[in-house]
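Chain nomenclature is as follows: A, B and C, assigned in order of appearance, with residue numbering initiated at 1 for each chain independently.
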């Protein structure tokens, strides 16, 4: 009936508009960060140390610090996440325990990151005496991204076509040998996806590290395990609170654009990897 | 002779340029059961779905030639597709029962298409459930979830749901293939009982079933109608070698 | 120790099922224990550290409205703040997220749909500090000017920011739930003569409801836990607004309180315990939403 068609067209248009609005808002944010940040970025900005509490100079050490924390977190977290994922898929048989694992890891994923910072400081910083340092930050972030890595790895392993496992079983491989020679090599895409997502998540995190990995005075690169490290995230945080100083704000945008670009690159890479993973498993 | 309810003239159906069915010419008389048989992949389901325009959603789908229901070309511009689909009910292989009560399932479409008939809903539900011989079994638990019914009962519920919107034609795509033998037999009895008021097109891979309950038969092979005609004659005296080959399966395997 | 093989006569090759506690298995087991231990350890830690303040103030901790460091610790204003800001964020995000989800799942062709989902996944990864910067540098000023306020840091500002933050997550998860509804449901509805709209409202959405609810719960969990962005724009005032629904008032959420006061509370006894207890409240709230969300999402699959 004509009324039905009209109604359907109206609803479809309305929903389409809502979708466009949602996308538009997000693109606007992207545009703002780019628009405000791009002017502040030049070669000097990227390669010089900051000075005057960040209002002048560059973000060299902050960028290095962020990369250090991200990288360190993944290095620490990867073996644990991989082991946990493989344990669940290869060695664990009981459904109830599998469920337990799943819920505990989902819980870990949902924990507000500020709590990681607070508890992490007490556990690592105080009890293990690593203090306010980049090591503390790395350990805290490693715990935080554990579920992210773990879920990706598990998905990758579970997506492995049966034929690979069958081939391994037919050769009489034990689960451990199977992991070593069949599963890990064939799940590489999934592992890389997980790593990229984990890096992105660690890069974006501020609350967990803002008083555990860094201090707010002119810090350069850490010299030892016990030194704090400057990061882009906390740098932006400090600069953002100097709203009255336009130069500081400009630098904050610049640092923000760098951070955002880094995050986006990592996630885009992960999406690409995941689509390759899907293509592989569909063969 | 009655005017044919469904008619196809030089019809071809294709997906993205690749033809699935070709040179279809058929006339399905009213209030009969027309069986459609043929090997897997011969296009039986596609044929059915085309008659109620269920393939519209699929991109690249194209129909050439004429398909008429009650004299009206169903692929012409301006046709009311929804009214067509109401008039041409379809039953699928596995019954798709909504996660609601039995009552809500039966009146699912009626409720939305004819909200002004609200007072009639209970009556309609009772009537259609009686028509499918399900009333006695469910009358005390109409408001319980439909998922508690057995597959055979669910299939009948689904038919009742279609009957509630009073279709003239019923298309059935292998309706007994997911049922156990006992439910299958019961459903066959139901289909035969529906013949008096509806025109039925039944796709089946069960040749014994085709022989039991269909009046006429269309044999599809490689996208074409190899042979068509009265069921009894086709089984006794198939004229084409392909038909003979296919029908000889009956002596071999399935005995539902 | 490698499992050894028994060569039985007619029975052929038999591998005896000895526990293969080789290095790999032990390693995997150990790491799994670590993973399990993290969240339980965190919870236990919060509980233990909360004991001092709860022992002293008992229910007054949750119900008290005053927070003066060194004297009294009442969490109610923060709980109120968290709930208000999360509620507002949902109110703003849901129409867009759900509308977008329905449109993407039911009306968009496959390629566009994947494009939308990829976009949402990108935006879900935007660091919180970026939103914080946006809030401080632009949004606060805009709110202040548009509504003629003294200060642009209000519940409204925080709610707006949070709404944008959780939009991608809720959209993509709800869309997953809708898309997961099997094709048979759509076929069955259409074959009865229903329109696409009737099919969506009558069959698809009801079936996807648990999954959509799950998405919303997860969004709520995320909104409650967000610290940095909220911290910068919520105003940092430990008071319940008067009247309570005044969106233009500054406030404090649990997360923002923790963010602001953590550094100065290190080393103290009671204040630190109070923050830990606050953290425990946040943990329980977020845990509830997160687990409910996953439970509902699992049912939908």
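Just so we're on the same page, contacts are C-beta pairs under 8 Å (C-beta built on N, C-alpha and C of every residue); 3 or more make two chains touch, one makes a residue touch a chain.
In this text the structure is predicted, and so the values were computed from the model without any measurement.
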**Message:** From the centre of chain C, which other chain's Cα mean sits the farthest off?
**Reply:** B
**Prompt:** Counting only C-beta pairs in contact, which pair of chains has the most of them?
**Reply:** A-C
**Prompt:** Taking each chain's centre as the average of its Cα atoms, which chain lies closest to the overall Cα centroid?
**Reply:** C
**Prompt:** Whole-Å distance, chain B centre to chain C centre, using C-alpha means?
**Reply:** 48
**Asked** In whole angstrom, how far does the Cα centroid of chain A sit from the Cα centroid of chain B?
**Response** 53
**Request:** Give, as an integer number of Å, the spacing between the C-alpha centres of chain C and chain A.
**Result:** 16
**Complete:** Residues of chain A that touch two or more other chains sit at 4
**Item:** Residues of chain C touching at least two other chains
**Value:** 195
**Fill in**
By the touch definition above, chain B meets two or more other chains at residues 82-83
**Prompt:** In the complex formed with chain C, which residues of chain B make contact?
**Reply:** 52, 54, 59, 82-87, 89-90, 92, 94, 96, 98-100, 108-109, 112-113, 158, 161-162, 165
**Request:** Write out the stretch or stretches of chain C touching chain A in their complex.
**Result:** 2-3, 5, 13, 15, 20, 22-25, 27-32, 34-36, 38-42, 45-46, 49, 95-97, 99-100, 102-104, 107, 116, 118-119, 121-123, 125-134, 136-138, 164, 167-168, 171, 195-197, 218, 221-222, 224-228, 232, 255, 258-259, 262-263, 266, 275-276, 279, 282-283, 286-287, 289-291, 294
**Request:** Would you pull the chain A residues touching chain C in the complex into a rising list?
**Result:** 4, 7-8, 11-12, 14-16, 18-19, 21-23, 25-26, 29, 32-33, 36, 79-84, 86-88, 90-91, 100-101, 103-119, 121-123, 143, 146, 150, 172, 174-176, 179-180, 200-201, 203-207, 210-211, 233, 236-237, 240-241, 243, 249, 252-253, 256, 259-260, 263-264, 266-268, 271
**Complete:** In the complex, chain C touches chain B at residues 109, 182, 184-185, 187-195, 198, 202-203, 206-207
